[in-house]
Structure formats: C-alpha cells, structure tokens
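Structures incoming, each one as structure tokens.
Next come two complexes built around chain A: one with chain B, the other with chain C.
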Partner chain A sequence: MSFYIATVAVYFVVYALGALGLNLQFGLGGIVNFGFIVFEAAGAYTAALTSVGSSSVGAAQSETYFWGTSLPFPIPLILSAVVGGLLALVIGPATMRKMRRDYQAAAMLSFALIANQVVGNTAGFLNGGNGIANVPAPLRSLGGFSLSSYHWVYVGWAFLLGIVVFVICRWISYSPFGRTIRMLRDDEEAASSLGVNAWTVRMRLFVVGGVIAGLTGGLLVEFIGAWSPGAWSYQETFVLLQAVILGGVGSEFGAVFGALVVGVILFQLPSFLPAIGYPGLIDSLQWIVIGFVYLLVLWFAPQGTFRERATLKLGSRSRRLGLNTAARVSGVGPSTAPVGASDTHEEA
Partner chain B sequence: MHLLITSIGFGLVQAAILSISAMGFSLQFGMTNVLNLSYGSLMTIGAFLTLLISEQGISIWLGVLVGAIAVGFITLVIGRVIIRRFANRGSRLFEMAIVTVALALIIDYIIAAITKSAIFQFLFPLGSNHQILGMTFTTTQLDIMAIAIVTIIGLELVLHKTNLGISIRASAANGPLARASGIPTNRVVRLTWFVSGVLCGLGGALLAVTYLSVSFVEGTNYLPYILAAVVVAGIGAVGYAALASLILALVIEIAGSFGAGSYNVAIAVGVLLLMLLVRPRGFFGELWEKSEAMG
Partner chain C sequence: MASNANSDVRTPRYEPAALVAEDVVVTYGGVRAVDGVSLRADPGMVTGLIGPNGAGKSSLIGVFAGAQKSTHGLICLGDQDITSLSPHRRSDMGLARTFQTARVFGRLSVLENVMAGEKHAKPGGLTSAILERRSWRAREDATTDRAFAYLTEFGMADKAETRCGELSGGQRRIIEYLRVLMARPRAILLDEPTVGMAPWLLARLKEDLRRLCSEGVSILLVGHEMSFIREVCDLVVVMANGKIIARGEFDEIAKDETVQQAYLGRRVVGAR
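On to the complex of A and B.
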C-alpha cells in the first residue's frame, strides 16, 4: 500500500511538472504544442540509455538499442533535460513561424503520431515497441536504502525537484521576459512594434518547455524503470493539456491543481480500483472521460478554474501606486495596448 | 528497376486512398475552416463498419458503401451539432482543434472499448493478379484505383461545372457574400459536412480493404498523411489535394523501396514540417485569409 501511495505521489509530481512545462509554452506563450509528450519521451529515453549500460551486457541482454552507457546519478537526469531542450531547438523553427494556431497544433500532433510510430517500428534504435526495461534505480545504491524506504526517498527527491521547477516557472512568469511573452501572446503586433523579436522570445520559451519536459521524462523513467512507445502515445499530451486548461491557462498553481485532478484522480487512482469488465476497459473509459471533460470545460469554463492573476494583481498594485498599468505590465516600456484585457482578446 | 516499378504500383494504390481522404478533408476544411483532427477517427468507423458487414458474408463493397454513407451522416451530426455550437460560442481556432481532438479521443476509445483494442483481420479474396506496364495489381487494387479516379473526376466536375459546386466554392470563399447573393449557405454547409464525411468513410473503408486489418488507431495513425497532403496543396484546394496525395504517396513508397521502410511515415511528417517552414499556406491555397469558423 505504501508503495502505491509513493507511486501516485511520484506520478503527481511528473504530471505537475509536465503541466508546468506545457503551461509555459501554451499558457504563457500561446504555443499550441500537441506533441509535448515526445519531449518527455526524449528525456526518458536519454535517462534510460545513459543509465542502463551497453545493450550487449547485463540485465538488458535481450534488448537492442543503438547506444547505451552507465553514468552516475544526477548526470542521466541532466542529460535528459538537455536532450529535451535540444529537441525543442530542432523542432521549434518549423512551428515558430507566424501561422494559424490550429496549423501549429496539427503539425505538432502529426509529429507526435509519427515519432511514436517510427520508434515503435524500428527495432534496433530504441528496442522498438518493447522499449527499454531494467533501468536501474539511481538513488538506491547511493544511499543503501531498503526497497520500501527507497520509494519514499524518491518521492522526496521528486517533490524537491518539482518545487524547484515550480519556483523557476513562477519566476519566469513574473519576470520581464514573462510579461513580454504574455504581451506577445495577446497582441503580437503591439509587441513587435515595441521591438520584441517574436521568434527569439517564443523559441526561448519553447526550449525552456522542452527542458522541463525532458527532465520530467527522466524523473519518471528513473522511478518506473522502463520506457516504451506505449507510455508516450500522442494522447498523453492531452492529459497534461487538460490539466493546464482545467487549472487555468497561464497559472502555475492552476497547472499543479489540474495535474492533481486530471493526472492523479482521473488517471492514476482508477488503476487501484477493482477491475470492471475485461482488462484494459478502464483505460479506454478513462480516455473517453478525458474527451468529454474537454468538451465540458471548453463549453462551460474555457478560462479554467484558476484565472491568470498576473495582470490583475500587478494592475491593482500599480493603481495603488499611481503607475501606468500598461507600462508596468508589458515590461518593455510604454504600451498602447491594455494588456489587462488579455483574457477576452480574440485572435485573428 | 523492378523494385522501383513495384513500389510505383503500390504508391498508386496508396495515392488512391490518400487522395479520397485528403479531398474530403480539404473540402471540409475549406468550407468550415475547422481543422478537424477527429477525421482519422471517423475513418476508423468506416473501416470497422466495412469489416462488420463483410463478416456477414455480404459483398465487401456493400460494406464500403454503407461505411462511407454512415460516416457521412455521423460527420454531419458532429459538424452541425457539436462543432457548430462551439464555433457559434466564439471558440478560437486552437480551442476548436482541442474540441476535435477530444472528439477523436472519444470516438477512438469507444471503438477500443467495444473491440477490446484488438486488431481485426479481414478474410477477403484479393482476386487475380493483373500485369499493367510491368506493375502487378490485384483485382481489389484495381477496383480501389477505379473508385478513386471516379471520385476525383466526379468531385472536380461537381465543384467546377455545376451550380451546386459554384455555391459550395462561393460559400467556402466568402460565406456572408454568398448568403447575400442568395445562396442557401446553411444547406450548402450541411451538404459539405455530409459529402466530406462520405469521402472520409470511403477512405477508411478502402484503407481496411487494402491492408486487410483494422484496429482502433488505424485512422488516427493515418491522419498525418492526410494533413501533409492537404497542407502541401493548400486549404480548400480540393483538386490539388488529390495531386499532392499522388506525389506524396509515390515519394513515400519509392523512398520506402530504397530502404526507408519504417521511416515512410517520418517522410510524410518531414514534408509537412518543411512545408510549414517554407510555405505555410500551401502551393495552391486560396482561402488562407479566412479566420472565422463557420461550422
């Protein structure tokens, strides 16, 4: 039982981190990344390959992958974050152009569908559909923990990492960079006229999101010890996106709250309930529920439960201090666009 | 050389299915301005209906027909009941994309729940082999290509030579103006949802007939090819979507014959991403500037 609770706790952090990364890209930047899970997968594969050892030795004898090594504890996780960022750097330019946001969505969805099929169908690359198993538990040998206490050590480590990322996301969101990116999302023309380079700003944000995704994947795979295409099919992104939308687009607390509701309550807890029907029925039902929740949320509360507070808060404080709200909020100098009205802004 | 010719032959069969699916998608997208990401899932419905009817021992082509028409009606209902309501509510483009993905998840996993996520095999004779210009086709493959050619020519003739086609294209290009000119745009939009749905179901059914197997992810996994063809052609450029499908299918199959095998889907998405990078409005798109969804 203790193990189940620990598992759910780690999954909560993993969903929360994913939602925070996606919230940076989508909530703050308006980048519709329907392929977010691929960046997580890249991080997970990186962490797995850099800790599982060569494919010709040890426990992984039956698996074939193109490369593998065994590095000491924090390095695989760092590398997974790096690879997530690099992938974002490569994929970013194709979607950063000024294009319809549904085009961007479709392109990223295609990317996710394709990446999963290619990895699943290519035997020698990442061991095809079977994936990589027997990824060693990183902190275990280091501290000499027993199996039962180790899970809770990992929970602590995951929460620590989660809090660090949360603080960083919050900091980005409230920094001048965060205000610039919000402005860009809400009124690209106004931002550009103030000298904001949309491409660079969006790319930076996209890469930061990729780094968080990679880190998340690494954190997950070091806990569950295995990774395969079944773990990162395209629809996994929509669990995270639902967390972001349900929690409130652009809100970090909302992302964490959404991760708790969608990731943990909707997705992890049912697997501990007594089975109904044949094995796998619950999985299908979960996705159907996810689909209907999307329709309901977008119908009744498209802004989510936690509304983005940044502009409102700053606005009221600025008013108290008698400052020009728009100038404060934009972070890039005097603005003609009332950014406080951002939530109702309709895009072209 | 022989390998090349063989792959061209298979590419032509692929092009037949892809062009039917892509024309339906392009027609729907051009008219409604909704990038319908549940299109692949609707194709899966067509495929499963074909399987279901062919298993009753009736002609598989009847299954294809029923599958296509049924998907036409389902698409009409989804388009007019769900998508239109969200559009009228002022949902933005990416929200519409999420709505259609939600529909895709619902459809895919209802099918998964019913079929226990299994892969179903067809038992269907492919007919004798025919040699044409050095390429070998089964009777079924020839039938599929014939259906595609009839569909392409028929759709092009309707769109460009009839009053109905002019109404459709006018409504797609400028809805309010078309309405002001006396075109019953509502009826035209309804018809477009239905016809594009029929093409969607037909594509899914033919996909199943070609591969002789079907599972709940069939259509969704096929979606990237359709998106690539439609984006390359440009929004609403229905005829060119067929042309883009032909080129794309040939490129994929020929590249596959040179050892790119399992990477052929990657080629499709590579084309798509490259296209978005170089020329996001496609080569022949006329309707890029439209921004409101009509549903």
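On to the complex of A and C.
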C-alpha cells in the first residue's frame, strides 16, 4: 500500500510538471505542442542512458542501445533537462519559424508519431520496443535507504523539484516576459507592432517547455526504472493538454489541479484497480471517461477550473494612485485636466 | 517614484524623424492596391490620409508599419531605410501604430494592455524574469504608475483590472491609443482613431495630437470623419484607386474636383 501511494504521488508530480511545462507553452504562449511527450521521452532516455551504464555490462547485457554510462546523481537528471531543451532548440525552428499555429500543431503531432515509430523499430538505438530497463534508483545507494523508506525519500525529492519548477513558472508568468508571451498568444500582429520579436520569444518559451519536459522524463524514469516507446505514445500529450484545459488555460494552479484530476485520478488510479471484465476493458473505459470529462469541461467551463487572472493586481495601490493622479498626470499624461465622466465607456 | 517616472517620460525618447514612402506599390494578385505612392509625414505635423473605401489607405499604413510587404518602393524613418525591417524592429526605432479595427490583448487586463506599450516593459527576457526580479519590479512600478495615470485621465481607472476582451469597441480604441502614448514614439500611424470614440474624447484626442506635434512627433492619420480631419490635420493627402489624387490643406482639397469625383464614386481622372 505504501508503495502504491508513493507511486501515485510521484506520478502526480510528473503530471503536474508536464502540465506546467505545457501550460507555459500552450496556456501562456499559445504554442500548440502536440509533441510535448517526445521532449519528456528524450529526458527519460537521457537519464536512463546516463545511469544504466554500457549495454555490454551488468544487468543491461540483454539490452542494446547506442551508448550508455553511469553518472552520479543528480547529473543524469540535469542532463535530461538539458537534452529536452536542446531538442526543443532543434525542433523549434523547423516547426515554428514559418508555420501557422494550426500547422504547427499538425507538425508536432507528426513529429511525435514519427519519433515513437523510429525509436520503437530501431533495435540498436534505444533497444527498440522493449526499451531500457534496470535503470538504477539514484538516491538509494547515496543514502543507504531501505526499499520502503526510499520510495518516500523519492516522493520528497520529486515534490521539492515540483515546487521549484512551479515557483519558476509563476515567476515567468508574473514577469514582464510573461506579459509579453500572453500578448503574443492573444494577438501576434499587435504584439509585433509594440516591439515584440515573436520568433525569439516563442523559441525561448519552447525551449523552457522542453527543459521542463526533459526534467519530467528524467524524474519519472529514475523512479520507475524503465522506459520504452509504450510509455510515450502521442496520447500522453493529450492527457497533459486536457489537464491544462480542465485546470484553466494560463493558470499554474490550474495545471497542478488538472494534473491531479486527469493525470492521477482518471489516468493512473484505474491502472491500480483490480481487473474487471475482459483484459483491457479498464483501459478502454478510462479513455471514454477522459473524453467525457473533456467534453463536459468544454461545454460547461471552457475557461477551466482556475480562470487565468490578471497577473498585476493594483490592490491598495489604485487608491494611492488615484489620489495622486491629478498631481502626476501633469507630467505623465497628455493634459493636466483629469477627466472623470462616467459616460466614457459608451460606444459613440 | 512617480516623479522619476515623470521626468523620464516628458522627454521624447527619439529624435524627430519624418516618415517617408517613395514610389510604394502593393499588389494583391493582379490588383494594384497601392500604385506608386510617394508620401511624407513630417515631424511636428499631422498628415491626414483620406479617400473612399478601397483607396489603399490601410494597405499603405500596413506598409509603413511593416505588416504589409510592398512589391516596390522605399519606406524611410528619418534618414534610415526601414523597408526590409520587421514590425518589431520598426517599433524599436520609434514607430507606433493603431489598427483599423482596434486590437487589444483580450485576456490581459486593461492596465496590462496599456503597460504593453511601454518600451522598457520589453522584458529583458527570460533570465531577467527569473534572476533580476528586483530590477524589473522597479521598472514595472514606474510603468504601472504611468499606465494608471493615463487610464485615470481617460476615465477608465475603474476598468484597470477588467479583461480587455470585455470592453466595447470604443473603449478598445482608447486602450490602443494609450498604448501608443506609452511608447513615446517619434512617428505614429493612426488608422481611423475616431471610430467609436465619445465626443468628449475626440476633443481630447485633438488636444493630444497638437501636443505630440509640438514635441516633434510625426503623425500620419487615416480618417473618414472630415470635421476631425479638418481641425487636426496640417496637410491632407487624398488617395483613390491606389494613387494619390490630391494633397494640400483641407479647404483646398475639399474644393478639388478630382477629390469630389472620387468621393462621389465617379471615375478618377488626372491622378497626380
């Protein structure tokens, strides 16, 4: 039971991180990245290859992959984030430079399908469809933990990382840079006319999303100890996308809440239920339920649970500013005469 | 803090510069929407651009702003050729614009929309967002003060935290205009700025344009409201069928037979 709860907790963090990364790209920046899971997979394979050692030694003898080494914690995790970002740096120009947003989405989906097929059908690259197993647990050897206590240590580590990423996402979202990416999302032409270089801002965002995705993959593979193409089919991106939409597009709290509902309650918990009916019935029902929830959200609460809020709150500042306005506008505004007519908001 | 912001904003950030188009051609398929137009908006003047629907005015504004590619011709800001520059680079050089249909950032608040015009609000990027929080926060405070002051002046302070997508067309027009003021530009393209504006705001807009002119800003204004054009513009240029058919002071233009024919829908002859 303890292992079960710990596993669900780690999956919660993994989904929350994925949803935060996708929220940054899609929710704030309007980048429809249907290939998000590939960046997560790149991070997972990186962490696996840099932890498991060469394919010719030890437990990995039965696996064939192009390269492997054994680096100390937390280097594999750091590398997973770096590789996620580098992949975004390579894929971003190809998909985002010239393409319209709807074509970007199609291109990213195609990329996800192609990448999964190539990795799954190339035996000597990343051990094909069987993937890489026996990835060592990073913190266990460091602290000499028992198996049961180790799981909870890892949960703690995952939550710590999750909180750090959450805070960074909030900082980005609430900064002037966050405002710039929201501007681009809402109206690219208007944003460009105000001096925003759409291409570089989008690329930065795409790379940050790639870094978070890579980190997420690394975090997961170091816990479950294995990674194969079955773990990163294109549908996984839609689970994250649904988490973002259900939680509230553009809201970090929404992304975490959506990850809890969609990623954990709807997607992970059923896999721990006792089998009912014929094999695969629960899996099929799971997608049906997820689809229904998606439709209900779009119908009844298209803004999601946590509606995106203005990142700048005036609070008591407005009163202070209001009191001082007459004095300040003489230097700031076009004229010194404050105008207070309340009929200003009528259409002429 | 407010006084620092004020001393900063009273001085135009850029040297005055004329906005110049030379022999600009814009074609859509086989149609020449702008056909060899040369036009100059000088600093300290409001240059009006009028003409019947389909004359090519908005296409020309698009070419000035960099949003519309020209087939031929040159666009200069002062002595700098900006023909090949993207809209964001032109903005960095001091060019600001409004759109024919007011364009706001619908999911941003009214205050954020106005702040978006501030040049130093250009964020310094991602690293600044994470690592230089103190630095951008100080700038943000100054920008917030300015933006809120403008909103107060235009009677929209109570809407500061409202999403811009919830505003009426006239209110959006004001927000778009305030963004231009926030940018402290040296050249402004105003595409039908009076549409949807309340009468008392039109008076205010006239007053603003005069003040901006006195600061050396070049203004090119597209409009249909002739009384406003007459009162505000120092020079009026008339376009029809993609060509300039007349230019001069409003009263001269109004008597011009070619212009009258163009507005009455008859065939334009003697285009200059």
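We adopt the following convention: the second predicted complex is superposed on the first by the 307 of 348 C-alpha atoms of A that agree within 3 Å, B and C clash if a C-alpha of one lies under 4 Å from a C-alpha of the other, contacts with A are read in each partner's own complex, and residues count from 1 in each chain.
Quick note on the criterion: contacts are C-beta pairs under 8 Å (C-beta built on N, C-alpha and C of every residue); 3 or more make two chains touch, one makes a residue touch a chain.
Remember, predicted model here, so these are calculated numbers, not experimental data.
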item: Chain B versus chain C as contact partner of A:Glu189, first or second or both or neither; value: second
item: Touched partner set for A:Phe253, first chain B, second chain C, both or neither; value: neither
item: Which superposed partner A:Phe3 touches (first chain B, second chain C, both, neither); value: neither
item: Touching partner for A:Leu113 - first (chain B), second (chain C), both, neither; value: first
item: First (chain B), second (chain C), both or neither touched by A:Arg204; value: second
item: First, second, both or neither for A:Thr95, with chain B first and chain C second; value: first
item: Partner chain in contact with A:Tyr103 - chain B first, chain C second, else both or neither; value: first
item: Partner chain(s) touched by A:Ile168 [first = chain B, second = chain C, both, neither]; value: second
item: Common ground on chain A, meaning residues reached by chain C in one complex and by chain B in the other; value: 346-348
item: Chain A residues within the chain B interface of the complex; value: 32, 34, 91, 93-95, 97, 99-107, 109-111, 113-114, 117-118, 121-122, 234-235, 238, 241, 245, 278, 280-281, 283-285, 287-288, 290-292, 294-295, 298-299, 302, 346-348
item: Touching residues on chain C, where the partner in the complex is chain A; value: 2-3, 5-7, 9-10, 65, 67, 86-88, 91-92, 96-97, 99, 103-109, 111-112, 115-117, 119, 121-126, 128-130, 133, 136, 139-140, 144-146, 148-150, 152-157, 159-161, 163, 167-171, 174, 179, 181, 183, 196-201, 204, 207-208, 211-212
item: Touch list for chain A against partner chain C, complex; value: 168, 171-172, 175-180, 182-183, 185-187, 189-198, 204, 208, 250, 308, 310-314, 317-318, 321-322, 324-325, 327-329, 331-335, 337-348
item: Touching residues on chain B, where the partner in the complex is chain A; value: 35, 37, 82, 86, 89-99, 101-106, 108-110, 112-113, 116-117, 220-221, 223-224, 227-228, 231, 262-263, 265-266, 268-269, 272-274, 276-277, 280, 291
